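The two complexes that follow have subunit A in common; it is paired with subunit B in the first and with subunit C in the second.
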Partner chain A sequence: MHEVSFHIRRAVSGDEEALADLIYRFYRFNEEFDPAWSTTRNALEVARERASRYISCGEGCFALVALMGEKIVGYAYTEIYEAEMLEEKNLAVIKELYVLPQYRRIGIASRLVEEAERIAREELGVEYIAAQFPTANFVAEKFYRNRKFRPFISIYLREV
Partner chain B sequence: MASRIIVREAEKEDIEKIVPLLVRLKALNEEIDPHYKAVDNLEEAARKYLETLLDRSDARVIVAADAETGDIAGVIIYTLVDRIFYEPRIKAVITDFYVHPRFRRKRVGSLLLDKAAERAASDGAGIITAVYPAGNAIAENFYKSRKFVPLQVEVYRPL
Partner chain C sequence: MVEGKEPAKVDWYDLSVKLHRFYGGKIETIPKVPIRRIKDFAIWYTPGVAEPSRRIAKDPDLSFELTSRWNTIAIVSDGTRVLGLGKIGPEGAYPVMEGKALIFKFLGGVDAIPLVHRGRDPEKFIELLELVEPSFGGINLEDIESPKCFYLLEEARKRLNIPVWHDDQQGTAAVTLAGLINAFHIVGKDIRKSKLVIFGAGAANLALYRLLKLYGVPPENITVLDSKGVLHPDRPDIDKLMIKHPWKYQVAIETKGGGHSPGDPPEKALEGADALVAASKPGPGTIKKEWIAKMARDAIVFAEANPVPEIWPWEAKEAGARIVATGRSDFPNQVNNSLVFPGVFRGVLDVRAKTVTDTMAIAAAEELARYAREKGIHEDYIIPTMEEWEIYPRVAAAVAVKAVEEGLARKTTTYNEEYERAKEIIGLTREKYQLLWEKGLIKRPPVDYEA
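Presenting the complex of A and B:
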């Protein structure tokens, strides 16, 4: 079996277009799980703005990309939350994680999460990492459970 | 305000409005399993597929349309298969089924399925089945809640 080689790094200037495409795909996929995730008609444009923001975000967030050769094939976006009342004040939350379908099952998502954990722990001094995903995304649920994540917060929703 | 939905058989004039739904369905399948990698000319392929289906006597394309706007909220497609070794001989196989996210949780899927089952029975089908990617938990739950049970397993390996 041949070894598949990819690497992970922080998103940098120049990644905007590829990152925007992945962000767009992430939101389009989430749209399938609940109508409340319905995307706007200008979602791709919004994704471009987000990509720029993710690349330039300061200490409160960071974006990682996975590269296969020169091609960006996955990303993870993490935000740091401060909960003043809690003993462990800071919490890193993986808000978005996506790998292009044809590059799945080779460990890219796992490596993105591991790197997010490393940065949170070693560079930001955060003791907990969490992940958000639509409740009906059973693939994501299984993925995180397999990596020792446990349920933490539930969000319930209804139309008003 | 709730949309009024009309469920009816598709016509040639609907094709351009159905194509985006089929494209979304195939893109979703691609997310579920990379072996469903969609072709580059997905829109064109969907258009041709629909044109062919609408000319066939052993296939039905049924749509749910918003009565006010004419937007297509969902589509269900089945083909009739003669199971030459089994009774009942004719089965209707749902090959494509998609409701636009904006129209979910409004029973559009159920309306489409009911209409397809009714039409399939009038086509002479004795059973109705559905095929979908193995990891599609949403489809699995939908069909399970509507009394569908597993019938057949399809396995694969890349060559």
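Presenting the complex of A and C:
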């Protein structure tokens, strides 16, 4: 389908606009599965702020982008959590993952997860990697299950 | 030639109700074996029938030889999208399915049973098909809402070992393809190097896209529009499509909008297009003259909505279209799936096919187109009409040979053999019917129209 190969790198200054678009799309995508994920009217604005934050985040998080030639076509955003009472203290959680529709099914999302895993293990000394997504997102569930992830934490929700 | 006005209407609705009531429906079963005396039942029923039963129990495929299964199909509908009437329920769908059964028998010699049901859940629908599979040699899905119909066809094809056909998809798409092949022939353009616009993304048009792709038209040359515009990877609702309508999503990804932007209006999408196939909402005025005027030289326009095409043929021609086809029998070039389905089923049933593929639908389209070319095509004759009886055995032969070639037939055959067999089966049906009619065993209608 696409003969040009893609590559993965950390998000850097200058990626803000493209990254913001992907973040916005990620939230819109999840909105389809659960109304509790409905985006705000200023979601694109918030996505821009987030993009800047992701690019400049320090030890606790990192953002990766996938490029096809010069074009940013996908991203993954990962945060590190500490649970002091637990034996395995540190946990890397992929909070967001998105690839543009026309660049799907060529392994970009898998490579983003592999790279997040590598950084978490080799650079941050984390032993577990997790992924967070709406329970109803069957696309994400299938994706992570196929990559040997298993259900770990359940979050239940109700209106108050 | 097309007149500059809509032809006068007959009150078909009123007449139809009166005659449906008078005849109490349209089909019945009649035995086809000798019943000379009561003792004959010992052959057809007990005790004799036990032996065919025993043999079939050991080899279920024998059911195609020792029972009527080989020539019997089910016309299955949940009544969720009946004609242009929408979700009118299974009972409401029944007259349509019965009408289809009538055409199956009369044009294809196929015994078809209406099977309307309440299974709205797609999984229940599929389960029903699996459960009744042993009764039938094929399944014709009919009048089912989109996108459920795409899922049902895909799943049923995977899970059943008999041909499953959705006429609103493959039937309409195949006859459209036949018309397009000849229309491009007349204008002297190569369909595989032309720009095509598909207006409307319902069952027929998405199936047409599939057939065109398989026929060798590059997806990037095709622009498909639904009610929200061009199907394009950058459309704001693209992720929603991936979840809710993966078939439209696939078109968007593969065509990339056919070189157009997601926000392009129809008139922009039609700029320089060689052909337009509209199967959307009834006109007139759904497609505008000004849009057609923007198409390439010798434009081809198929406006297939019923009862009123998206644009009147004379309007399309005034705007510069060279060839126009519609879904109506009172205009030239009627895109009518009745040209396809009787022959397709005749062919697949005669070779006891295990499935019916899109390549078989293309074989049917090519055969129809070839027949019309042999007769002599021109702007007002790109596809045969229903009265040209020879097309049914010819389509049957083309489809049967394709099924054998693809290794999907339980029985082998040649083109000539199947052509002769189909001609005989269809001819015999017509002869039997003619005899009943002439003998007055089919009652004369108490009310009628002027022929």
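Quick note on the criterion: the second predicted complex is superposed on the first by the 156 of 160 C-alpha atoms of A that agree within 3 Å, B and C clash if a C-alpha of one lies under 4 Å from a C-alpha of the other, contacts with A are read in each partner's own complex, and residues count from 1 in each chain.
Definition applied: a contact is a pair of C-beta atoms (placed from the backbone, for glycine too) under 8 Å apart; a residue touches a chain by one contact, two chains touch by 3 or more.
Computed from a prediction, not measured in an experiment: that's the story for all the values here.
When both complexes are superposed on subunit A, subunit B and subunit C end up clashing with one another.
By the touch criterion stated above, A:33 is placed in contact with subunit B and with subunit C alike.
When the two complexes are overlaid on their common chain A, residue A:136 makes contact with subunit B while staying clear of subunit C. Between subunit B and subunit C, it is B that contacts the larger number of residues in subunit A. Looking at the shared chain after the overlay, A:43 reaches neither subunit B nor subunit C.
After overlaying the two complexes on the shared chain, residue contacts for A:57 are found with neither subunit B nor subunit C. Of the two partner chains, neither subunit B nor subunit C is touched by A:67.
Applying the stated contact rule after C-alpha superposition, one finds that A:102 touches each of subunit B and subunit C. For subunit C, the stretch among 114-122, 168-176 or 402-410 that collides with subunit B in the superposed model is 114-122.
Once both structures are placed on chain A, subunit A residues 28-29, 32-33, 101-102, 104, 139 are touched by subunit B and, in the other complex, by subunit C. On subunit C, the positions that touch subunit A within their shared complex are 233, 236, 238-240, 242-244, 249, 252-253, 256. Residues 27-28, 30-34, 36-37, 101-105, 135, 137-138 of subunit B touch subunit A in their complex. Residue ranges on subunit A touching subunit B, taken from their complex, read 28-29, 31-35, 37-38, 101-105, 136, 138-139. Note for the complex: subunit A touches subunit C at residues 25, 28-29, 32-33, 100-102, 104, 139.
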